[in-house]
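Have a look at the structure below, then the notes.
Labels A, B and C are assigned to the chains in the order they are written; within every chain, residues are numbered from 1.
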Amino acid sequence: MSCRCMPHAQIFCEGAGNLMNPDGTITLTIDGQAVTVDPGTTVFDAARMAGIAIPVLCHQQNERPVGVCRVCCVDTGERTLTAACTRAAQDGMNVITNSDRVRSARHTLIELLMADHPSPCARQSQSHDCELEGLAAAEKITGVRYPKKKTSRGKDNSSFVIQVDHDACILCDRCVRGCNEIRHNDVLGRMGKGYTSAIAFDLNLPMGNSSCVSCGECMVSCPTGALTNKGVVDTVLPGDAVDTEVLLRLPYFQEISGTFLNLNRNAVRFRNFKAGDVICREGEYGSTAFYIVKGKASVHINTPMAHVSTKGGATGFFSKLTSYLTSDSDSPRNADESRSVPKPLAMLEAGDLFGEMTCMSLYPRSATIVAADDCVMIEMLRNVLDIMLRNKTLRSRLDSSYRKRALEDHLRSVPLFSSLSGEFIDRLRDRVELLRFNRNEVICRQGDPVDRFYLVRIGFVKITESHPGGDLVLAYLGKGDYFGEIGLLQGGLRTATVTALDHVELVSIDVGDFHAMLELFPDIRHGLQAIGDSRLRQNRGHRTAAESVPLNEFLDQGLMEANSLLLLDLEKCTRCDACVRACSDAHDGVTRLIREGLRYQNYLVATSCRQCRDPLCMVGCPVGSIRRRETLEVVIEDWCIGCGLCAENCPYGNISMHPFPSPASVVEQGSITKAVMQYKATSCDLCMDHAEPSCVYACPHDAAHRVDPNEFFRLSELR
Amino acid sequence: MPGFPRKPRTTKARAQRIDRQYFLRTFALQRWRWILTAAVIAPGLIWLGFHTAVRDNSVYTAGALTPGHALLNRKCGVCHTGSGFTARVADSSCTACHNNGIHQVNQTFTPRCIDCHRQHTGGTLAEIGDRQCTTCHGSLQTKTGDLKGAVHVHSFATDHPEFSTRTGAVKDPGTIPFSHAVHMKKDLRSIAGDVTLACSDCHQAGDAAPDKLRMKPVNYYDHCSKCHPLTFDPEFSEQVPHKDPAVVHEFLTRKFSEWIAVHPEELRTASSPSRIPAAAPAASPRTPAAWVSQRVDQAEKLLRVKTCKECHDLPPADREIPVLAKAQIRTRWLQHSEFDHSAHQMLVCESCHKNARKSEKTSDVLIPGIAVCRNCHIPGRQDAARANCAECHLYHDPAQRKTPQGRFTLDQVSAIH
Amino acid sequence: MRIDSTHRPWFWATLTALAALTGSYILYGAMSGGERSGGSVPGLLYGIAGYGLMIYAALLGVRKKVPVWRVGRAQTWMRGHLWLGFLTLPLILFHCGFVWKGPLASVLMILLFATVGSGVLGAALQHFIPSMMTRAVPLETIYEEIPHIRRQLCEEADALAGSIAGTENEDSFLVELEPDARAGFLAVYRNSIRSALAPEIGRKEKRTVENFENVFDSLRKMLPVTAHPMLAELESICEEERQLRLQKRVYLWLHGWLLVHVPLSLALIVLGAIHAVMALRY
């Protein structure tokens, strides 16, 4: 059984117990406080929800709990203390987290761990945030009564990025889980027994020689100085460099690993803006998010239709598509600088984060942000934002600020809910759940029981219906859209599967509040009913129409996604490979295009980057190297670490991994120096340095064309 | 079981089947392209190289030489004697064997032999196009500046000047009065009977070159003596020799002397009435010498007044032994070109020499003009006779032709390898 | 490449050039009075122009080796090669005055005709074959990778056969077969289908499975219904393999003529250079 808030988690329920509450929740007591949670929630999470912090070492919010370190032990009234991170809460349980027994157990545990810890470890010296030493300090452990172990497990300097100190390792397995379950790189594991137990890379290879891709997940997860950073990634942002010390003093960076910040020193910059400065323009491409340290900024939107859909998502399948397809031409991408900015829609203040959709999913900026007074902001790239958002404190702070300020506007911006009264919104404010999903995560499945209504806050979701022949995509919904109403209105089971296409944040209203809303505001009910009916009609029509219209093939191949296709006219192409050779010559001997793929009409849609509107490849890049700069082309910067995620994500196979000699060389066997080959991702960049793509330029038979599929195939005519 | 169902055929699946480095490998077609290139070029180079190695550059020839030079087909260096890179044919290569003299002393420039005589065409060397000639004669200039004729000649059909025989520049210097009209009548009285003369009875072509081209001059013994005998006395059947009067006088004297020596009784006989009635009868001769002298006078008078006078212009009688003017029969009428009668022997003589039958005077020049020639000699037509300059005119001055000494030994030109 | 309406400017330009050259040749013929030769001034000009165009045509090969250099679009070079290269024939004929004697000159003329002729043939092939190939081989792939793909198809076919008939150790849990049916299927598979997909090492390739519809019809009768989807997949593999073989043959037609054109043209250039040098020498 999986918990909704921890999708990866598998909780071993030790008895379901009696469901005491009529709505299915359970109530337990933690330190005298009554807490009501859903069944399956762990004691640790229940305590967290109640605001009670239980110290942990091996548990990490985004990882499956394993209960190895036992630092989170609590008294649940049983014979022994139990690890709170793995124990499922039961109805009527009485948990004590701060009794003497618990505290002395914790103290001894930490002391035992500190006995073998090379204090101060690397992390403590660099960024003063070794979690073990932090806990030791909190427990006021100064001297250790137990002798240090005599054998050393050694250090490993072979990786370029990560320093390994096996003596500082407390075998918490966070790195193993991070590498295997989160990053799916499957490099780390455990080896040995007793005092020789240690983490190992592949079959105990030195880290630099293993299949480690230096994504940094292990290092970021490691609570101690066992895995710390070595190198610095040189992304360069405008603005002043930021001192890690300064950053760590800011409230939301305090909980972030200083090691990580050091690693990504150049991914974070201070920016100073004067009043009236335009910080970003609507429709521009970018790859950064901004966090306001000081000052205020106003939000302006020129074309609300394109970005914050006020039509409530009920405009039908095709027009929804075309609104995405034509939104770019509407948006003032090459906006006249002198165009006056419309009236502000909202105000942002210190502690607010904006631009996360551009940063996480590389959409064009959805609004123009103008500094209202002199501001100090921090601009950051995707990997830093990613880590920040995993920070539970920041997230809860962001969530609460959203609830306070933006939720009402967001709800009201959907015309269907415009008639909601102020008190109802107040009621909803703290009851809505703010959910986040990553790419390809299923939000709800066809056939599941219905329990929530969803509003999309950030990102895109795909609605599909499964049939014996395959999945039929019914809709793509984005910011401002909602779904789940059909099941709630009709009752029963979900009629479709909803999948997150990129980094998605949802506002979810549970079924009780939803029904209350419908009762209190009958127009909403009618409106929703009408929309639901029309959606059902459309879906039916779409199902039948999809078979016959050639548009289906266009969609099937995903051609509408593309901004730029490389088409090879098979009537003219003599299969001479001149295009491939040209591409390879222009790109270090590695071709970025393959003359293979599916056909559309008489064209071969070559396997070469399509510059998608919604680039799935960019989701999840750990170092933010695959991105768009100011223009359309998707580029992969030099600092790609070769983790292969983008290649896996690209549904068309346009990105391929290729070994390149890295600047460093390794001396092997005394005298022979070999260049170290490092895998990097390669992809077509439309030959940005030239006026025309090399493949088109080099085709002797006028068969290769780089086209915008909408103009080329006149999509509107096909409709 | 992993086999079923198969992986879906998406773009990604299709693309990932391919090895991205495939185009860096060399495949059969590419390899064969290079192999065949080498296979075609190498034999070519070997073939040429072989010929160069054996110093036989005849592969580069643009065509065979004329049959006369066939021995030199493989001996390029005999004519192509230039030093350094270019191996042009210098005049010295040709004049070593053929030295035919230049055209005119006054010509402003002398073309090279090869400018007109093009080799390697397989045809004869003597076939020269008009262009070679009209380069100069189109608008002639000479070193000294004086121009004698053929100043603006471009083609036989257009602006070739009239023949000098017609323009009056050339005259008949003949001193023998002759009338073609009389002699071409039918049934002329002759000693042999009635005879009708044909042109070829008197006009025959010469025997040996260069006289072959022209008609032999008419002479007395071959052409006139049959009808115009030189009898001098009825008692003598002999004729006087057709020679100088001095010779004739001596002949007559001898003849009569011999006669009177054999027939002394002739002294007392009265002379038969002479054919020339005398104003006063002549006294009978007393001595043989006087008889001889008398009879010689009579004979000479006859000859002078009648017989010789037929054709020769003689001073009045009783003079000293006359000196006769030379006949001056012209054999070559066209000074600047050659006419070959044998090439025209299919024609009736009079069709070109139209005025012959009407001609009564020796001074008539009966050589036809250019118009007659233009009947058949039309340039540029395959069904007409050739009309290029070289057909009639020579470039090389024959007077300057030198006999070459020869250049090669037998071994050098021998074709036996 | 298709010779379509975009070639019109080239066509007209070539035609105009040809007309102008023919006019100049007639003039030259008239003025020289029958004494046309390659060594005369007009003859030399024709020869130089012709050889220059030949060099330009040969440079196309070089251009294809440096596709990224911005020296003009490959398309322009290709069209120039086609149309201007065609002009070499009349130019050289004018150069020699339609008369050629001598061994080297005769060889060169043969090479010229053969080169231009093979070029025209090649252009025709490349005009018609691509669209024919597109229609006839929908499952086309990259020619050089065909052996690799065929190996993959063999593996897939083997896996499918395994899913029908199982392996030595275990039966297929997708299809239940009688032992006779199993043996029969395996026999047909090994003899007819598999040997056509990829022969054993050293053996010559068998012809593609002729009329494999019949083979599969008989298999469908032999095997139960549960096996039919897998048979359908096997059939599609056979179909793909048949198409790949067809693609190989068509590809050789599409590119084989180059094996004649390229060597001859290079020989023409080399020997032509020698001819030029030697002719100027003499």
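Convention: a contact is a pair of C-beta atoms (placed from the backbone, for glycine too) under 8 Å apart; a residue touches a chain by one contact, two chains touch by 3 or more.
Predicted, not measured: the structure shown is a model, and the values here were computed from it.
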Handout entry: Label of the chain whose CA centroid is most distant from the centroid of chain B
Key = A
Exercise for the section: Please work out which of A-B and B-C is bridged by more C-beta pairs in contact, and write that pair. Expected result: B-C
Practice task
Could you give the separation in Å between the centres of chain A and chain C, each centre being the mean of its C-alpha atoms?
Solution key: 50
Exercise for the section: Could you please state the distance in Å, as a whole number, between where the Cα atoms of chain A are centred and where those of chain B are centred? Expected result: 111
Fill in the blank from the handout: Rounded to the nearest Å, the gap separating the Cα centres of chain B and chain C is 67
Exercise for the section: Check each residue of chain B and list the ones that touch at least two other chains. Expected result: 14, 17-18, 23
Completion exercise
Each of the following residues of chain C touches two or more other chains, namely 141-142, 255
Exercise for the section: Could you tell me which residues belong to chain A and also touch two or more other chains? Expected result: 581, 594, 596
Fill in the blank from the handout: The residues of chain C that touch chain A in their complex are 1-2, 6, 60, 64, 66-68, 70, 73-75, 77-78, 126, 129-131, 133-134, 138, 141-143, 251, 254-255
Problem - Residues on chain C engaged by chain B in the complex (per definition of touch) - result: 32-35, 37-38, 101-105, 107, 141-142, 144-145, 148-149, 152, 156, 158-163, 172-174, 229-230, 233, 252, 255-256, 258-260, 262-264, 266-267, 270-271, 274-275, 278-282
Fill in the blank from the handout: The residues of chain A that touch chain C in their complex are 570-576, 578, 581-582, 585-586, 594-596, 599, 602, 690, 694, 697-703
Completion exercise
Listed in rising order, the residues of chain A that touch chain B in the complex are 557, 577, 580-581, 584, 589-591, 594, 596-598, 605, 607, 650-654, 656, 658
Exercise for the section: Name, in rising order, each residue of chain B that touches chain A in their complex. Expected result: 9-18, 20, 23-24
